[in-house]
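To start, the structure itself, in structure tokens.
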Amino acid sequence: MKKRIITLGEVMLRLSTPGHQRFINSTSFDAVYGGAEANVAVSLANWGYSVAHVSALPSHEIGQAAKNSLQFAGVDTSYIPTCSGRMGTYFLENGAMQRGSKIIYDRFDSVFVKYDFSGLDWEQIFAGADWFHWTGITPAVSATAAAVCKQAVQAASKLGIKISADINYRRNLWQYGKSPMEIMPELIKPSHLIIAGLTDFENCMGIQTERYEEACQAAKTVCPNLAYVSTTTRKSISASENRLKGKLWNTKSMLKSKAYSMTHLVDRIGGGDAFMAGLIYGLLTRGDEEAIEFATAASVLKHSIPGDANFVAVEEVDHLIKGENIGKLLR
Amino acid sequence: MKKRIITLGEVMLRLSTPGHQRFINSTSFDAVYGGAEANVAVSLANWGYSVAHVSALPSHEIGQAAKNSLQFAGVDTSYIPTCSGRMGTYFLENGAMQRGSKIIYDRFDSVFVKYDFSGLDWEQIFAGADWFHWTGITPAVSATAAAVCKQAVQAASKLGIKISADINYRRNLWQYGKSPMEIMPELIKPSHLIIAGLTDFENCMGIQTERYEEACQAAKTVCPNLAYVSTTTRKSISASENRLKGKLWNTKSMLKSKAYSMTHLVDRIGGGDAFMAGLIYGLLTRGDEEAIEFATAASVLKHSIPGDANFVAVEEVDHLIKGENIGKLLR
Amino acid sequence: MKKRIITLGEVMLRLSTPGHQRFINSTSFDAVYGGAEANVAVSLANWGYSVAHVSALPSHEIGQAAKNSLQFAGVDTSYIPTCSGRMGTYFLENGAMQRGSKIIYDRFDSVFVKYDFSGLDWEQIFAGADWFHWTGITPAVSATAAAVCKQAVQAASKLGIKISADINYRRNLWQYGKSPMEIMPELIKPSHLIIAGLTDFENCMGIQTERYEEACQAAKTVCPNLAYVSTTTRKSISASENRLKGKLWNTKSMLKSKAYSMTHLVDRIGGGDAFMAGLIYGLLTRGDEEAIEFATAASVLKHSIPGDANFVAVEEVDHLIKGENIGKLLR
Amino acid sequence: MKKRIITLGEVMLRLSTPGHQRFINSTSFDAVYGGAEANVAVSLANWGYSVAHVSALPSHEIGQAAKNSLQFAGVDTSYIPTCSGRMGTYFLENGAMQRGSKIIYDRFDSVFVKYDFSGLDWEQIFAGADWFHWTGITPAVSATAAAVCKQAVQAASKLGIKISADINYRRNLWQYGKSPMEIMPELIKPSHLIIAGLTDFENCMGIQTERYEEACQAAKTVCPNLAYVSTTTRKSISASENRLKGKLWNTKSMLKSKAYSMTHLVDRIGGGDAFMAGLIYGLLTRGDEEAIEFATAASVLKHSIPGDANFVAVEEVDHLIKGENIGKLLR
Amino acid sequence: MKKRIITLGEVMLRLSTPGHQRFINSTSFDAVYGGAEANVAVSLANWGYSVAHVSALPSHEIGQAAKNSLQFAGVDTSYIPTCSGRMGTYFLENGAMQRGSKIIYDRFDSVFVKYDFSGLDWEQIFAGADWFHWTGITPAVSATAAAVCKQAVQAASKLGIKISADINYRRNLWQYGKSPMEIMPELIKPSHLIIAGLTDFENCMGIQTERYEEACQAAKTVCPNLAYVSTTTRKSISASENRLKGKLWNTKSMLKSKAYSMTHLVDRIGGGDAFMAGLIYGLLTRGDEEAIEFATAASVLKHSIPGDANFVAVEEVDHLIKGENIGKLLR
Amino acid sequence: MKKRIITLGEVMLRLSTPGHQRFINSTSFDAVYGGAEANVAVSLANWGYSVAHVSALPSHEIGQAAKNSLQFAGVDTSYIPTCSGRMGTYFLENGAMQRGSKIIYDRFDSVFVKYDFSGLDWEQIFAGADWFHWTGITPAVSATAAAVCKQAVQAASKLGIKISADINYRRNLWQYGKSPMEIMPELIKPSHLIIAGLTDFENCMGIQTERYEEACQAAKTVCPNLAYVSTTTRKSISASENRLKGKLWNTKSMLKSKAYSMTHLVDRIGGGDAFMAGLIYGLLTRGDEEAIEFATAASVLKHSIPGDANFVAVEEVDHLIKGENIGKLLR
């Protein structure tokens, strides 16, 4: 019986310049649909889980395209209402060498941001679910989005469903009159797994420290169900070369994945979401050490794939973990 | 000495599906920048006039691209302030056969819609100007846009500059609490030239009649400077085949252009703006009969060109009017 | 409650030359996945039905892409086993003017052709189903494919599910040692709806006549459940211009749709499948006359869309039937 | 034993705007290699003849690409010397609707124009040859090109090889100090077949008449070997729709082909060369009436194919002549 | 007088995903034609040799395209019969970073695999030939292919033509009931040059050793004419970075080429064939040490070129060997 | 008040192969317009200066496209006369790995080379100007080009405008009968800033030394206004990896920029022009040390951008100088 996973969050239209073209010279944009949580949903569905993504989309054809693109990956879109309004959009310029990639967001006032989700029946949505995943982007964009996040977290918590929260603090987003500290602590509290860096801990949980393990322990004191805290460390040599490693605190010790040198980067958008999905997969199927290795290796492979979605097979991730066939031609 | 023409209006990013692809299947969008008034500006600059376009754009790179794209055509962009905010955008699906083209607008809350233009010095902008062109889209999108339109019209009127108004009534746009009849009559009043169909007359001037010439005469009674009223008649056989003719009322008689069968249509967006620009060009350089022929022929040629902008030479329009070299290979 | 429809048939990779390029000069091929029955499934899922497609695909990534592409449209792929083997493929050269389009099939020995479907539990597949659709292509390709077709038809018949059969006789396909007359009559017998032309009647049912209605009546004598027979008449002026009309015999009279002139054709592949899907939709929701109009209009619109799949909305088909907005720009 | 045909003329790089893009907006150009005579060579090689093309090309990689592209079609390039210098080039804008296609030539001072061909051993080149084809473009571009043309014509004449001359008078080309009447009559004199319209007859042979057959008879009086004169009549409805018919005077009567309406035109460059090749093929294999039908039908099909080269099969031409399968999908 | 070289083997259609796209997301495939032996033929023809490739192709247009693509490079295709059947095909996903490239073969039951080559007149084919090249792929695919390989090897041997054999053992291919050891030793025996790695020696010659030079000496004992054994060593850092060196055993000593670091890899398919062609070129024109350097450098350059074929000039290879102008802009 | 800068030089059409395609396999070319001096103009206009470029272009549409493309960047094109003739063109093959990029020039006999500029009114052009920039390419291509260069230099000198000269000696260009030493010293003499390497000093100023600072001092002795000499040092590891640093001699000391490793190079054309523009910007706005850092960093960023033009913001250059956000994703 397949495990069932529920994700919640906005799906956006990503418009990226082809090749390494700058915005100013682009006469076309490549289009894919994604979002931090939807990307996690796609990864997990691709690995065989039964995944439903909860969101809201415009009722026009671009909204339909976004919905179908989740279905492509096998994600259940039954809980995505549509209504009149605009699609959250962002423009991506793919960097190269020392020139970093750039995102211009155009997501305010989207259907998701304004949607009144109060009619959702979370008990029905969570029927048979094993895991719920959300990120700090959702409560950041509007009061209604924060409200649905709260509803979902409370329902999941009540039903004993494991919750993962990718804190993902982004200062620019919090513009509807609330500060993260007014909203986030309550949402984070019932988490089983938190993805957070030091900035996230400070801004969304009020935990101030430079020592990561200390932050994890502080989080544990306020989150009774907390079993795992995780994060990645990314070093940017250039837009074309990054280094990546993951760590996972399991309340007992701090596990570290192999460090990967990622050179000849193809597309780094969705790299964090690939890590998140990999970690959920790993924790659902393997031991803690294997889980953090799986998460990091899944993220590394994502960087070689155009688009937000991490269409890699479990076997490919495992080969990378074992150092087998790295970069080899498979016939 | 080149004549100087001022235009006012929003510049938008147009994202169109390649070929005859539907929205739902598009993995990329072709991008050009345009707008009803900016398209007129581009045509006129391409024909050698000194043209400045007044607008407002986001300060990010997409806004810069829009500005540069006007400069490409030789349009003066000195009077386009930029500020933080979003770019008005629309998605275009290019129809074929019986399937019409579709536009999904995403233009609300753009920088242009929200911009406070009150600081513009219209006396400076109009220095040396011979003609001012605006459309009914601008006063439709917001109170601030209606205000700048009024300022411009009043300043032009005061300075004795000829004004052309493309009424272009679009019901969906008027959403900021004013009705067209509260705003438009005053703006239209000082016009030298009006482009309007029967629906425009009814909704923006309160003129109700099914007889076009009668409507023109009624308009003349409320617009003391009115010298010309014009419109086009388009018959849609299919998305790939339209028929087009233009007419021009010069207070004395109703002049009609040749009727053109346009089959194998390439891109009809901007066809009306090409007509408008052609009419201004014609009226500035030729007699009335020649003017309406020029306007219609310029519009016909636009339908053969991808994108909003009508990059055709005066000679090409003249050849079409004369029926010379129609469709022939020129070496 | 959504109606549930089951379809059965091979899904192929279609590789088509871009634009009007000939095979000999093509340096790339556009790729979509489709098949006569899968195209029907996609149309019906796009119109909101619960549709499951039964097939078999290679277990490699190209097979996965085919499967996901059905999911994109909302088709349930739970009943598509995968195994080692090759993907049925065809190459398409898109004609123009007097030069017709060409297909080079490369479908023999595909996974679908060789798959042993005997393990399928048709009672489970048909649970809650209202309609079953198959075509004469399936029993033509192999004994195992003919066997699964028979199983399905018998199970549907037993469960009282309406069956539609698109006879689609293709002489080149019958290469596994059986003639159509040995296989088809039994399969066709329990049909509720048959799509057939005179050649189909002759080769697959042994009905020889030049009068279409007579053939329908003859079919009725051997198919006790037969309620409808339908076909389209296509006249090819050129590869870019066809004329199309549909007819539907409802045992009482021969209903005829409007005749459409389709000029500026974009892609005619899947036009017949769009008709089929439109007919099923029409018969499930409307009267007979409306059904044949819906089927023909849906097929016409398909010819304007690149790819096999007919992603049109019900409203678009209805507009075409009513002659509203033909080819007009919709904002 | 395959017949052997020799052609002589410049091969140019053609740079065309994609789709219906205008020059001013093109950010890329599609590239093919061709030329009036080389296009004839390609057609004939594609139909199975042993064809060698004589020319001169730059020794750089673009020259090599031109050479290989002839080899692609099976043309023998052994008699194409290379040297330092530039490639003859032209830019093509593909028209649509009433907007005609445009060519900007950039061919002066090319390697072919300047090459000293005096070292060519025409006896060797013509060994085993049955036919020699040249056009009036070659003697128009330079004294050296006129000289090689003369050498070739004289050698062919001496060896009793049939000569076809496509007069193709282009006023813009004659810029090296000679007039056509100083050069052309002598070159045309030994022809077996001439392609010429009234303008060609007047400017290159001094034959002034408005009656085509009269011109043919006048040509016969000065060309003792003349067996055939041919031409096409093209009517341009638009860039997307032309009408075409061919005629052939065989000294006894004026044969006329069927007239074809060519709508949805894809690429008309090379249409005349396709006719020329078709006529040579027809005269080598069939009766006169069949020959002119073959030539015209071959030319019609060329208009549906992107690029200069007419990659159509003999069977396809024959189907068109017989009106079989016009525009039909062939499986 | 140009040397004449004969090659034998299947030509396949390669369909590769654009950029670094995965199979699952590809909406088009780039198409080139190649094969291990045909790639060698193309390289050698490009370097000025008279090369004929022996194969069999489908008689449809895709087969014709494959044939013409060999002609493009100057390869003689006179000995490529065509018949009804399918084209051997493979799908290529171009890897990046740690994600390796992938090939999905779809080559069974192709025309080449099934063709009865017994009618070929090898004496005629080998007339004037200096070298014959084959690979272990051919005898692996079918009994008929093994038979033609045997015929060719025997005829070449009898005529004293030098034979090169690229052993290229691929376990997946041997599916027609014979083991390599039943077929290969006899074919390899008359070789002048063998390309083999340790796995090849073991599986196709029964030579088991971990020491390469020992394997070479063992091969020499069973191949009386053996003058050279060669191989490359490739280290895969990632799909984007490999290291390559070549070695050549000339019965006296083991010569080693420079080792190259290949980073920013463009396309590694055909790298081994480029080495093979380079080695033949080197051995035909230079000393042994120069030959192995030429082969390795030619292979390195291939990795920078999209497609199977190694279109590099001899001068370019020589510059790389000398370390001149590495990566410099040449004007 | 914006500073005003005048540049002089040819604008060419650059036709580059897509991706890493070789010339021989390219079926299309990407097109941009640029030139050493125009690229400097574009950079400076992009950074907010008032820049006019002086040149000559063909009066056809390709010439118009070149002109508009300068206008796109905000460059004033009022001083670009047009006349009949050809466009200077070059073909670019983008290298990869050890295979260097290649340029095939086709620029002789262009409109610019032949244009008689004697009618230009340099006093008018230089009205209000602060800086004049020219390169050694202009006097190299023809006597008329050398003449206009001399006129401009003399006028600028007389008006006290600062002059920068990028010596840019290219041996292949000097073909009109003059040697660099006959022309260049007089042109260089009034310079404020010279870009030159040792070869430039030797060939264009007769300064022979291996020590760069010594050369600078020698230049100072003959150029009374000389305030700066500058150059870059580029080390080519491969076509995909270069190292770059800049140096600036300010008559007192030799300042050196940071050295940059540029790996994953996108497009190196225009890298030197980006340096030149950066240096002018730096010297106009900053101290000497900051200027050489700005110039080098601007050049580095250019290498990441497709096309000749360096569309980077001042802030981006400054970030690179400070080592901030190198390659990071900016949201």
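When the chains are written out, they are named A, B, C, D, E and F in that same order, and each has its own residue count from 1.
The criterion applied here is as follows: a contact is a pair of C-beta atoms (placed from the backbone, for glycine too) under 8 Å apart; a residue touches a chain by one contact, two chains touch by 3 or more.
Because the structure is predicted, anything quoted here is derived from the model rather than measured.
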Far-end chain from subunit B, centres as C-alpha averages: E
Interface numbering overlap (same over half, different under half) for subunit A and subunit E: different
Gap in Å, rounded to a whole number, between the CA centres of subunit F and subunit E: 46
Two or more partner chains touched - positions in subunit A: 22, 24-25, 27, 68, 102, 264
Pairwise chain contacts under the document criterion: A-B, A-C, A-E, A-F, B-C, B-D, B-F, C-D, C-E, D-E, D-F, E-F
Sites on subunit C touched by subunit B in the complex: 260, 262-266, 300-301, 303-307, 309, 311-312, 316, 320, 325-331
Interface residues, subunit B side, partner subunit C - complex: 19-22, 24-25, 95-103, 105, 170, 172, 236-242, 264, 268-269
Parts of subunit B lying in touch with subunit A, wherever the complex brings them together: 15, 18, 22-32, 60-62, 64-65, 68, 86-87, 89, 91, 93, 102, 104, 106, 108-109
Of all residues in subunit F, those that touch subunit B in their complex: 68-69, 71-74
